[in-house]
Amino acid sequence: MNYKTILEEIYKSVQPFAAKGKVADYIPELAKVNPDRFGICLNAIDGAVYSVGDSNERFSVQSISKVFTLAMALSVKGESLWARVGKEPSGTAFNSLVQLEVERGIPRNPFINAGAMVVADILLTSFDNPAERLLDFVRALCGSSDIRYNEQVARSERETAYLNAAIANLLKYHKNIECGVEEVLRLYLLACSLEMSCRELAKAFMAFANHREEFRYAGIELTRSQIKRMNAVMQTCGFYDEAGEFSYLVGLPGKSGVGGGIAAICPMRYSVAVWSPRLNSKGNSVMGMKALEELTTMTNESIF
Amino acid sequence: MNYKTILEEIYKSVQPFAAKGKVADYIPELAKVNPDRFGICLNAIDGAVYSVGDSNERFSVQSISKVFTLAMALSVKGESLWARVGKEPSGTAFNSLVQLEVERGIPRNPFINAGAMVVADILLTSFDNPAERLLDFVRALCGSSDIRYNEQVARSERETAYLNAAIANLLKYHKNIECGVEEVLRLYLLACSLEMSCRELAKAFMAFANHREEFRYAGIELTRSQIKRMNAVMQTCGFYDEAGEFSYLVGLPGKSGVGGGIAAICPMRYSVAVWSPRLNSKGNSVMGMKALEELTTMTNESIF
Amino acid sequence: MNYKTILEEIYKSVQPFAAKGKVADYIPELAKVNPDRFGICLNAIDGAVYSVGDSNERFSVQSISKVFTLAMALSVKGESLWARVGKEPSGTAFNSLVQLEVERGIPRNPFINAGAMVVADILLTSFDNPAERLLDFVRALCGSSDIRYNEQVARSERETAYLNAAIANLLKYHKNIECGVEEVLRLYLLACSLEMSCRELAKAFMAFANHREEFRYAGIELTRSQIKRMNAVMQTCGFYDEAGEFSYLVGLPGKSGVGGGIAAICPMRYSVAVWSPRLNSKGNSVMGMKALEELTTMTNESIF
Amino acid sequence: MNYKTILEEIYKSVQPFAAKGKVADYIPELAKVNPDRFGICLNAIDGAVYSVGDSNERFSVQSISKVFTLAMALSVKGESLWARVGKEPSGTAFNSLVQLEVERGIPRNPFINAGAMVVADILLTSFDNPAERLLDFVRALCGSSDIRYNEQVARSERETAYLNAAIANLLKYHKNIECGVEEVLRLYLLACSLEMSCRELAKAFMAFANHREEFRYAGIELTRSQIKRMNAVMQTCGFYDEAGEFSYLVGLPGKSGVGGGIAAICPMRYSVAVWSPRLNSKGNSVMGMKALEELTTMTNESIF
């Protein structure tokens, strides 16, 4: 079977899961998304692009943006980055304050909220206009010059971001953020408000799938080893406290977001992005996970 | 021995501990206090007042104020108060976020910071001008009309209160504070900035020691049973995670503060306040604890 | 009202709670007790004894025995005892392994199971025949020469004591027990299997209530200060994770057991023992707690 | 560079780490191993075998055996296995009781001690003579008919296995082991006492690397999908709380043991086993980890 046929098969096989799960509704902007949307787009290493469903519709990428901000921080700080944030799976809920307190302000990894805030702090101290630079970087990665933040989403998040504010204050207390708490929260939430389509996400993630290609986008550069290591972090930490389950069922490095998107890669083979807003109890897209499980089963292409 | 002689003996016997411990220095206003101050004042049930040392010098009462705010909240809410805050000892460090997260936003007791913030929130929704009312109440309790907040201390606290801000945000996240996070923090920190002398504290706490007297001060009323129950909470929760140690060595209900003050009572016998700024590793005054241990040993008057 | 009338009033007032709660049923011997039993016995400081209900019927004292073993260990080791066990309230469930692991094998207090096992280990290394000595001590305390262990209960406990075995092994791992794991478990469970009546418990606890009397029973001696300190530990740690609630509602030092018994004291006034097998969710007797709450309310005699 | 040259290069490049770390010494049998041993053996997918150093010397495989027992349990129970043990990384130290207690007796994954005990319990209820069957299975996997347990090691472990005994008792308490505590401990420790050489381990792990080959050894069968899923579990959970670090630096599924061995695979490319007894603070072989990091760097062959 070729990728085209496979995507079409997947589209059919995930239909029984279409009504399972629940759209994120902690802010009105996320709650009002059409829960029945489903899109998937795969970029093969040879440049071919395959897609099915609502693959051109943009959605809130949310935590998937943490991959982009980590890439920027890693390009600037190199290995010294890991003095301020770990790279171990979190083992517990993605926003747990417990772990942060026990480990005295060093977040377990850059993909839990606390870790992404430390990354945001690094961007704030490393770039003149980090929000602008992140936009340039993402636009270059996916080749779409009109990628934008959704300022309304970011503002709405801030109004109810009590748990995130607790985390940011705790990081500040432990002196693991240098900038002001509000400034860090603002950049963190702004990054999460990025809107992209499956097509754009798949294109952007090809930069991580094809590590033989030079990684240089809008001035952000990573070595081949760094790309692989980003994949390693995605693999062990990319799916909240369902990293083991995703690894077991799917077997691809990737990152999910509460907007219902998942972007994943099979190194030197393909990148893939899927979107369906209904989430399971762990905050991952139900149909998205199912679609990727089918993908690696049908293609027999996973990292294992 | 009478109380006068006993206080003089205590004064001598605590001298070997004069240089032990460390003044709280997390804000400049607390750090600049003279670490060598020591005062103690005892009010007997018969109205007699005994004191030694710097018992007329005012200092930052800090967490001792939590007794006053709890009394106000209890007078307004009665037993329904305990739906929003527990009355069990905390078992761990006094500002632990872990417990709060595990118990979904219900602080273990009203004397840990989280609990006192919930109490502050209750005052904000119960009184038109809670800061003013608290001042009236404390002034009435101790009979000094010029008790004041130290606004500079409160401001200084707010600037560095990252851990407290984390706690307040977590409470808000769990919907256990109704008012704004900043508003709650402001009242909480303002209450902590109250300045009183040992003489004034001892007088104020007599209202809790003499439960046969009517408790009605500036419009705040407690029943006899409520006074006793306040004492019970002080007994089990008043000394951070050293409640057991204090109970074991001293055996009096009371409350300490990082300003170095401790106020305690022996029901129907006496109230006592002691002040010495150097703290042990648990945040309690070294000489203060020693002095009270001597007091109950010499008088043979404790609750046990 | 005199104590006699008060006990009769209490008997009536606790009837509405007669069917509330659930008998401990983790071993058959405890499960088969008649759940409707209720007895109470009060010893006044003047020597008078008052009782109502099934106050002469013996029951399994279970954790109340921890007071007796602690007294023996304290008489032998003095203050050095506290290097191996804390005296802070536990803050969490009474058999939590978490705390023990976090605090590297030092139990929070001698009344949680882990702490009582350390105490049992101390008895094993301090006495030739500790089980015999404990029996002598308790017999002397209550003046009944036929107090016995229920070997069948102890054996039955051992068969299902997986959690206690986990705790004992963890203590051994942290080198806080010197003897063999099985030996410690056996003495610990044997002590818990002691059978006493309310009348015998009240008499035994008078030794802790009347600290002006010399404490010397079957060769076990405590100083006046040690008696008071035992009371302090009962006060802060005697009711599992309901210590604060008991202090708040009742206001007496004491100790409860899953057999449904509670023994408590009002220093220099009275000792009291109550028994009713139905337990609340925290493992304390429902009617027992209610009865003691009524007692301190009616007598207006508590430690506060 | 071919594998031969690469192994020789690795041998040189790890020499600076030769004296780093500390041999496991909790039992005398492990403590007396020569700390300066170093061996590595790589099996290529084409059948070629490359080795350097002490690759034929047998050592205690310890936790590496958990891969073999998991394979047996998975072949018998299939997906239903995961009702009794999770597959998420542990996030904390490999023998933590905390997690087990919080998650009510369901170990996070089959490679922490608790999880491997549940697996041992499954083997006990599934096979007539599980110890014999495990031996048959491992012998078939590596083609050495004289693989043996070291009974002396197993006995010695049992004498000091207080923490493991605590874990087993806690599992029994939560009813997640059916057999007796001692029986489970015995099989668990016996499996850990297996002795194999790097050459034998590399051969055995080729069965997991080459998932196009039929997996059928001494009656134990796995499907292709099951092999891949075993690899996924090794990837996320195989290195105690250093899974993220290993994934980041090395990028291969694998399993380490406190005997100093590590076995890892690059699916459809090679299997590799390395041995050096000195461990880092997380319990993984210092030179072993370094050697594998060099291997994936030099070959540019990892799963990412």
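The chains carry the letters A, B, C and D, assigned in the order they are written, with residues numbered from 1 in each.
Here, contacts are C-beta pairs under 8 Å (C-beta built on N, C-alpha and C of every residue); 3 or more make two chains touch, one makes a residue touch a chain.
The shown structure was predicted, so the numbers you read here are calculated from the model rather than taken from an experiment.
*Asks:* Mind listing the chains that sit against chain A and also against chain B?
*Replies:* Common neighbours, chain A/chain B: none found.
*Asks:* Using the stated contact rule, I'd like to know whether A-D or C-D comes out ahead in C-beta pair count.
*Replies:* Answer by contact count: A-D.
*Asks:* I'd like to verify one number: the distance from the centre of chain A to the centre of chain C, where each centre is the average of its C-alpha atoms, in whole angstrom.
*Replies:* Using C-alpha averages as centres, the distance is 55 Å.
*Asks:* Chain A to chain D: how many Å between their CA centres?
*Replies:* The answer is 32 Å.
*Asks:* Report the inter-centroid distance (CA atoms only) between chain C and chain D in whole Å.
*Replies:* The separation of the two C-alpha centroids amounts to 47 Å.
*Asks:* Using the touch definition from the top, which residues of chain A touch two or more other chains?
*Replies:* Residues of chain A touching two or more partner chains: there are none.
*Asks:* Hey, which residues of chain C end up touching chain B in the complex?
*Replies:* Residue list for chain C touching chain B: 86-92, 99, 108-109, 211, 225, 228-229, 231-233, 235-237, 241-245, 247-248, 251, 253, 267, 297, 302-304.
*Asks:* Would you pull the chain D residues touching chain C in the complex into a rising list?
*Replies:* So the residues of chain D in touch with chain C come to 96-98, 101-102, 162-163, 165-167, 169-170, 172-173, 181.
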